[in-house]
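What follows is chain A paired twice: with chain B in the first complex and chain C in the second.
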Partner chain A sequence: MKEVELDCLGEACPIPLVKAENKLKEMEIGDVLIVQIDHSCAMKNVPEWARKEGHNVEVEEIDDGEWEIIIEKVK
Partner chain B sequence: MREKKREEYDVVIIGGGAAGLTAGIYCGRAQLKTLIIEKALVGGLATYTNEIENYPGFPEGTNGLDLMNLFQKQAKKFGVAFKLTDVKKVKLDSPKKEVETFRNIFEAKAVIIATGGSPRITKATNEEKFLFDKGISFCATCDAAANTDKTVMVIGSGDAAIEEGMFLSKFASKIIVSVIHDEGKMDCNEIAKAQALSNDKMEFKWNTMVNSFEGQDHLETVVLKNLKTGKLETITVDTCFEFIGYTPNTEIFAEVVQLSKMGYLITNLNMETELPGVFGAGDVRNKELRQVSTAVGDGAKAGVAAEKFIAETEIFKNQILQKEKVGFIYIYSATNAPSMELLPMMQDIEKEFITDVKLNILDVYKGKSLCDRLACDVEPMTIFYTKDGEVIEQSSQCDRPHITEKLKSLL
Partner chain C sequence: MDEQKTTGIQRSSTRTKRVRKKKKNQLPFGIAVLVLAIIFGILLGTKNQGMPIFWITGLAFGYILQRSRFCFTASMRDPFLTGSTSLTRTVLTAFAITTIGFAAIKYGAFIKGLPIPGQSYVVPISFATAAGAFMFGVGMVIAGGCASGTLMRVGEGFTMQILSLFFFIIGSLWGAHDFGWWKLNVILKGKAVFLPDVFGWIGAVIIQLLIIAMLWIAADKWENRKNLT
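Let's turn to the complex of A and B:
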């Protein structure tokens, strides 16, 4: 079980979502993907997509206007 | 399995809607280390409403998202931490409570459940397009005034549907009620039914359910399907009100804390559940009116109750049940004269033992909740003897020789 960080700082929608989707495909069940973002729209669409897919999701505010979306691949 | 990280808080609030945020403001301001856990976006159900016209302080009206952002800003100002994730499991029946998310276990002295709920929807075609501020409403209190002299539809025939329908008839010019049952059969109480049937503004469509919702940006027509004939009927309306039930978000609490038959959290007027240190606030509670303003009231009460609970727990542990000395706790009541007359004697006894014994006095009239921690509904003129932080004996014998004897035996 590994943790992978995905740097999407400075990138606007839908790039973080597309990158996260592609990255998660390469990963194994139980792995954790940490998507770093600073565009608030990604804070909505990335967690929404991940939840809809059934993964475990947590959003952490790292700094003002900077978030980490933590996704555990469950299937 | 990855080891979950443990973090300690004074208060963990589950749910970041109006109730949870208000509770957070009160707890944060009381300098408690406070965490709010929200599974989606902070603000809760209120953020789905475009106009909020009845929340005091905003004479020009406001929208749900802006209002909730202000709530969150205020909570953050008082140092409240936020975690945006789902709560998977809770353990609430011990002094140290646990709230588990997929990466963390949060430990708390008090937990406030403010998980809210959501209205049930018909799941008819296009429903998602018009929810909340686009023509499908779940709240007559919220949207009746905006429908003055308009035509509205009500879905459902339970108490809520019919009573809200009658309330709407004071504003709207016509109310079309879609009822799934045969003509004359409704789920509401008989009185409401009789009143509704004789209300000129209300028209009933029996044996119908919604087939689809149609319109451009806003709802324009509702297509009803007659279940007997299969015939479709298109009806032009300004707003469609759905009253087919409400689902509280209490699945994870089902076996943990007392819920009503419909799944709502049961609390008393101080927002206390049956579990010490566990409080409820907002839409998740078993109550009548679900508004931002009632959620705010609940949140304030729950926040203060949690603060009081934590303070009392400290006092109870460190002062009342102190470990340093043999102790005796005298229970009196400010409304019971004989019990008050014994106070000087009790202080005398403490002096007699110089520094070996500690007396605590508790007024059951003013401090019932502290007394209840010793024993439920304790009477005035009761003495509890303690040693090493534990109650050894409860006694109602308040004469001096008996007390002295007992204390000597414990030393």
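Let's turn to the complex of A and C:
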């Protein structure tokens, strides 16, 4: 199992989403992608997209206004 | 939105052991800001009776916008980018509610024989509407927010959008500078349509709600179509 961090701090929506989409494509099933964001809009649309794709998603607020979206690729 | 403290997804040990910064308690700041907001509201009230209402409405609008992660940009962008139309349908629902509300305000003034408020916003539709909408759409997706979204995120402390706000102001000033030309050469050549003049008051509300309902159904179909593939 690989774990990849994707630094999207300071990036406005929809950049984190597009980056996460591209990164997840090149990853293997079972790998975990951690997207770090500080744009509140990405906090909504990244998990929404990943859940719709059927992946396991968790959101963690690591600091005020900073989140980590943990996506486990399942298919 | 489920924000969990512990994660169920298996993560490597190096990460989970990482020491987290202890979050500062923001409650004192919140109370201080609330007190300042109330004092400022009272001061506004001494200058002008109507101002506190604008102040309260503005604060409420900003608060709801921020907490609900409402985003007009995303409502127009996500259907193309991710196939998600949840925000699109939210915006359409908001339009439906305001349609009824505004129709009620306008009709209320109309039956009392008073001048109908907001009629100066009934302006001709023309090529300028489409051109402006297109440019605004390109701009807001690049900038990461429309007018309200940009203001909200500047308030959140998102540095990049302070830049957006700066150029948003420059763009608005430029637009205001050239507006006379657009008005004279393009806008006035169009036709102004006030729906109640054409369909009657009830008809206008029904037709507008039907169009919104059709868009809502189309948005719902679009999202589910993407799910199947």
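Here is the rule we use: the second predicted complex is superposed on the first by the 75 of 75 C-alpha atoms of A that agree within 3 Å, B and C clash if a C-alpha of one lies under 4 Å from a C-alpha of the other, contacts with A are read in each partner's own complex, and residues count from 1 in each chain.
The criterion applied here is as follows: contacts are C-beta pairs under 8 Å (C-beta built on N, C-alpha and C of every residue); 3 or more make two chains touch, one makes a residue touch a chain.
Since the model is a prediction, treat every value here as computed from it, not as a measurement.
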(request) Answer with first, second, both or neither: which of chain B and chain C does A:60 touch in the superposed model? (result) both
(message) Can you tell me whether chain B or chain C touches more residues on chain A?
(response) C
(message) In the overlaid three-chain picture, which partner chain does A:29 touch, first (chain B) or second (chain C), both, or neither?
(response) neither
(message) Between chain B and chain C, whom does A:47 touch in the aligned arrangement: first, second, both, or neither?
(response) both
(request) Could you tell me if A:17 is touching chain B, chain C, both of them or neither one (first, second, both, neither)? (result) second
(request) For A:39, select first, second, both or neither according to whether it touches chain B, chain C, the two together, or no partner. (result) second
(request) Pick one for A:72: touches chain B only (first), chain C only (second), both, or neither. (result) both
(message) Quick check on my understanding: which residues of chain A belong to both its chain B contact set and its chain C contact set?
(response) 1, 32, 44, 47, 56, 58-61, 70, 72
(request) Mind listing the chain A positions that touch chain C in their complex? (result) 1, 3, 10-15, 17-18, 32, 34, 38-41, 43-45, 47-49, 52, 56, 58-65, 70, 72
(request) Please name which positions on chain B make contact with chain A in the complex. (result) 2, 40-41, 82-86, 101-103
(request) Quick one: which bits of chain A touch chain B in the complex? Just the residue numbers, please. (result) 1, 32, 44, 47, 56-61, 70, 72
(message) List the residues on chain C that touch chain A in their complex, please.
(response) 1-5, 7-12, 15, 20-21, 23-24, 26, 66, 69, 71, 73-74, 77-78, 81-84, 86, 141, 143-145, 149, 153, 156-161, 164, 227
